[in-house]
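Each of the two complexes below includes chain A, the first together with chain B, the second together with chain C.
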Partner chain A sequence: MQQTSSNARGAATAGRTPGADSQRVIFSKALRQRARLRAVVNDSSLLAPPLVLVGLFVIVPIFVALYLSFTNWTGFTPPTPAGLSNYVRLSQDRDVQYSLQLTAIIAVVGTIVCNVLGLGVALLVNGNSKFNSLMRVLVFYPYVIGPIIIGFLWSSILGSNGAINALLHSWGGEGFPFFADPTWAAVSVIAVIIWSSFGVNVILYLAGLQTIPESLVEAALIDGASAWQTFWRVKLPVLAPTVTLNIVLPVIGLLRVYELILALTEGGPAGTTRTLVYNILNISFRNTQFGYGAAQSVVLMIVIIIITLLIIRLRRRSEEAVAA
Partner chain B sequence: MKLKNMFGTRSRGTAAASVLVRTHSTHTAKAVVAMGVVAVALLSGCTAGGDSPSEGELTGTIRMLVEITPAKTLSYYEGLVAPYVESHPGVKVVFETPSTDGPQGTLQQGLASGDIPDIVQSNLDPVVAPQLLGFPDEAWVMDTPFVSANTLDGQIYKVATAAQIQSLVFYNKDAFDEAGITTLPKSIDEFTAALKKLKAAGYLPLQTAGEWVTGSQLIMMAQPDLMTTNPDFFAQATSGEATFADSAYATYMEAYEGWVKDGLVSDQALGLKYEDAIAGFTSGKAATIVMGNWLVNSIDEANPTFPVGVFPTPTIDGSTPRQYGNAAQPYSILKDSKNVALALDLVKYLVSDKTAVETALTQGDFRAGYSVTASELTMAVAQVLDDSPGLVSFYLGSGSSAFQDQVNLSVQSLYTGNSSSVAVADIDTWWKTNATN
Partner chain C sequence: MMLSRTARVFALLLLGLVMAVPIYLLLSNAFKSQQDIVASPFGFPAQGFSLEYLVRALNSQEFNVVGAYAITVFFVLAVNALALLVTGPAAYVIARGTRRYHRVVMLVLLMGLFIPSQALIIPVIYVLKTLGLMGTIPGFLLFETTLIIPLSIFLYVAFIQSIPRELDEAARIDGATRLATFWLIIFPLMRPVVATAIILNGIAVWSDFVNPQIILGPGSGIYTVTTGVYAAISKYSTDFTLVYPNMLLAAAPVMVFYILMQRRIVGGLISGATKG
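Take a look at the complex of A and B:
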């Protein structure tokens, strides 16, 4: 066949002039370029809408925030230059340092607990049954109803005059200072945040569990692996990409928690549940110091980027092992 | 009875007010009261924002961003403007409720997005003034309370419907009788002694709460002493000549610290909301609550089983305090409003029309020359105002809301173990960093 095709090629090229060959090459190149251009235009037209949206609602605000962080803008008068004073102030502000610590605690504790709970519940409700379907709806339901409603709901349960304390008082007991004591308030806030968030982790882990090949699990069982060994050595490694996602998303979300704080405690008692985003919005809108608020938001953005990249880098080995 | 100087000795003009309370003998809880509280300091040289338009030209839709409270609901506002809308065919008033950032925060967002209301009903911070229309130098404006307080660089940027006072202690008369308190306390020491007696009688002596209530109650108590002792305090604090640590705030903060330590306030108070505080008092659990005159409506609606009285907040030396007051139900107009003429006319109606003002006064606020049917408790508040030597204001500079927040944080920190000296030092630290005048 090759002989034939080379003969055919030879027969095809035999008798053609060099000029015609070069014209044919030029014509093919033009065709290829046009095809390439058409592909680029097609791809661009599909990418353009999301790119424009990301540009308008993500990229542009980032640069505006960056600009405002170097000004003393009140929101009501034109911005005036402030140089690096906002950043200098930020580095010395004890309230900001406290908020950063609290936000970090919420992010770390929340992420760990959401993942443990999320994976645990996902393993429990993984099968196909009406009960499992109902449980999946119930665990995801808090995520759907929104943080402000959740906040008001739990403040009416945990508040000093809330349902729990009212019941305790009616039994002659003392109430719990869920939102009246700083430590209790911090724990209560974290607990509510976890309750409202872990449903997403359940759903993501459920999706990840569906991708585990049955053959792997069966092979492990045939080899005599226990349920725990099957989970730890077969399922969990395969879930590596899902685990990465379940770490990155909660961390980013929990570093930005605000509405729940607003509805539950308004940053109290005595400012002890003010997260960084709560601080940013308070200083911007209540204190009319948008420039300083913008500086804090730039710092938060940098922190989130660094943490996200770190997590992805640390998780790369696990994911590459799965891919292999 | 004449109210001499509205803001201590800083009054720029003649502040003359006649407070006249006439009670008809009646066995019912209501009586007609002709209340005259005018907190007006006449200014010269107010800039004019233009003449009021003639009524025949006015049609269109007005967007009004309003403050919503348990008493000032959307129904209340709709009722307030109803007569105006009925008499002005072609005029529509659309009410907008604020986001969680309050009217000022919502307005900031509106300005940033270019989507602004025409009128804002809220006590806006002076920092907003550059965005607001200057009201004209006309009688209907100059006749409103707190004109000088509502003026910045010669521009009147908001007009008030009425005046409200805040240095009030509402008390359970039965509780005081049970506790053997026969004389109403005048000084901080007497007040503390009374609270201890109330505790011994089984009551929560002083109702407090979290949210904004904690700090506001301290301000309500401390502000009269602060401004009476030194009317220029805030300016001096900015220039470094005065500190909160050496002011009346320190004395009241120390007293508050003692109340926390002695259990005269609930240790769970920070977990309570404002509505819980009202319920705590009107249910009879708490014997006293420090609050402004707007509480009268809530108390009357709750209809407690015990008689409620009111007396002025205690002072350091036991003298009768000036009342800490401010503009009640003020209105501002955005200068970029698409319908300035109509907005001006509507605001003129709201602050000068007899029907509108008397409707507003049902909130329990005060205005000279207007009659309103009021409860006995409102009459009692009016008497407190009658007896006071004058009015004082809060800090009138930019960032007053933020300052209030800082005071709130500092007072709340007393519940979490902070000492009063540290709490006051935090206020001084905040002031050095944030105050602009």
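Take a look at the complex of A and C:
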């Protein structure tokens, strides 16, 4: 007893009577336990508010989406059970399959082009000059204005009587079907999406470039590496974590594209520019089939979870390769 | 360098042009007549520039621009204040926490980063209806606050971890509670990161369209800048004297703010990304 108590209390207890000391130990243990409990309670009271909000508006809705997907909910009357009918319909719905394909194309093409442009422009405007900061402001402003206004702006530029077609007409030429032809509409939509979002990648890559130690690049150049070799062998490996962020963020962002398309084409012509999110909101609000919309939301969530895990897993390997 | 100087300058000028032309059209065509916009959208107008269309858009019966500004600014401030009250102390606990549950809580709070609000909105309508908050301003503010929790937590935790522990441990030994320690000792040091969070979250709330459109609904008569412009433009998309001035009115406040704060916005993003 004496042994443990002196271990526990240390020098402070030296010179006290053994009986009083062991009592003190028991007492202080209880005190410490109470203090620890109080710390946890204290912690929880500060952690609770954001957890309640996330619980109420993120975690509960995930389960509510699952529940609603097995019902016919019109949004007005209480949901009635519908079994698997929404999912059966989903598997046969051409519109949904088309929108899934389009969403996949937007995500893949968009992510690749945004990364190439983002890194390329970041390399060009890295450094502190007036011109460079002007360029940074120029590539990033679409993000600040937001997708709905950007969508209307580009629709008044590329639309059938928009600025470019007006110019073509005034030259005596024919108009160009930026949004009237299904294929060109998809191309135009993707181009506007890239135009409005690659600025974020530029900023992220600029941040990454700042983490590259100057000495590393100098050493490579002194050793006789060309600028090209320095880029591939020195700069890019250091950027590995930045690249991960630059893939994850656009993929998640591109899977949810909605406002731009609403403002540019309203999903047309003939529904050929409808993404998955566009379909979800369209079916829910125009057709008041919220149960079916919920089933599509579940699909979207699953797609996003799988893709995110996949990217993180793949990228972890290349990040570890750098660390090694 | 990898590219010759001329190639670099050419590439940057081309890029600058592609980025600048839409904003040039927005600025110039808001002051031109329909005839001039159609005849020469890029050129100077035969009838001259006029403030008439902008004034008409400002006084429009359909879209009360000033009212929409006021409501949107109120939403931006309220959501940011709520988010700071809710996430600040929690970020402090997480940043100073050593237990496993601290990390778990952090991951749960960051979950929203990966699940887009559009995938959640249908079940969220159900939750809001159950709570009796659908179509109400409190319901909208609570959901919007939830959406900016991840970024706030992410930025705050990283920043607080860079503040030396000795600072707040001294206060705690003197008997201050966690909450008091946070607001009195830590919060005053967080000014730069709070500014970054407020700016980025503010832009997100200002430009949000789907959530105010769906939760507040067109029937409620509560229009933000984005839902108001949508209501004003989508019906008359061929009348450019309505479209351009309305777009300009919607974009002008954020553009001015962006130009004034550009170092802070771009710099804040860069520092936020490096810390992550």
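Basically, the second predicted complex is superposed on the first by the 272 of 324 C-alpha atoms of A that agree within 3 Å, B and C clash if a C-alpha of one lies under 4 Å from a C-alpha of the other, contacts with A are read in each partner's own complex, and residues count from 1 in each chain.
One rule holds in what follows: contacts are C-beta pairs under 8 Å (C-beta built on N, C-alpha and C of every residue); 3 or more make two chains touch, one makes a residue touch a chain.
If you're wondering where the values come from, they're calculated on a predicted model, not measured in any experiment.
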Does the superposition put A:51 against chain B (first), chain C (second), both, or neither? second
Could you figure out whether chain B or chain C reaches more residues of chain A? C
Per the contact definition in the header, classify A:231: touching chain B only (first), chain C only (second), both, or neither. second
First (chain B), second (chain C), both or neither touched by A:144: second
Does chain B (first) or chain C (second) touch A:182, or do both, or does neither? first
Looking at A:161, would you say it contacts chain B, chain C, both, or neither? Reply first, second, both or neither. both
Answer with first, second, both or neither: which of chain B and chain C does A:285 touch in the superposed model? both
By the touch definition at the top of the document, which applies to A:108: first (chain B), second (chain C), both, or neither? neither
Once the structures are superposed on A, label A:75 by its partner contacts, choosing first (chain B), second (chain C), both or neither. both
Is A:30 contacted by the first partner chain B, the second partner chain C, both or neither? neither
Which chain A residues come up in both lists, the one for chain B and the one for chain C? 75, 148, 155, 159, 161, 281, 285
Which residues, counting only chain C, touch chain A once they are in their complex? 1-2, 8, 11-12, 15-16, 18-23, 25-26, 29, 37-42, 85-87, 89-90, 92-94, 97, 102, 105, 108-109, 111-127, 142-143, 145-147, 149, 153, 177-179, 182, 203, 206-210, 214, 226, 229-230, 233, 237-238, 240, 243-244, 247, 250-251, 254-255, 257-259, 262-263, 265-266, 269-271, 273-274, 276
In their shared complex, chain A is touched by residues of chain B numbered 100-102, 104-105, 108-109, 111-112, 125, 127-128, 130-131, 210-211, 266-273, 276, 279-280, 398-399, 401-402, 405, 409, 412-413, 415-416, 418, 433-434
In the complex with chain B, residue positions of chain A that touch it: 74-77, 89, 148, 155, 159-161, 165, 175, 177-182, 262, 265-266, 268-272, 281-282, 285-289
Chain C partner contacts - residues on chain A that touch it in the complex: 42-43, 46-47, 49-51, 53-54, 56-62, 64-65, 68, 73, 75, 121, 124-125, 131, 133-141, 143-149, 152-157, 159, 161-164, 166-167, 170, 195, 203-204, 206-208, 210-211, 227-228, 231, 242, 245, 252, 255-256, 258-259, 263, 277, 280-281, 284-285, 290, 293-294, 297, 300-301, 304-305, 308
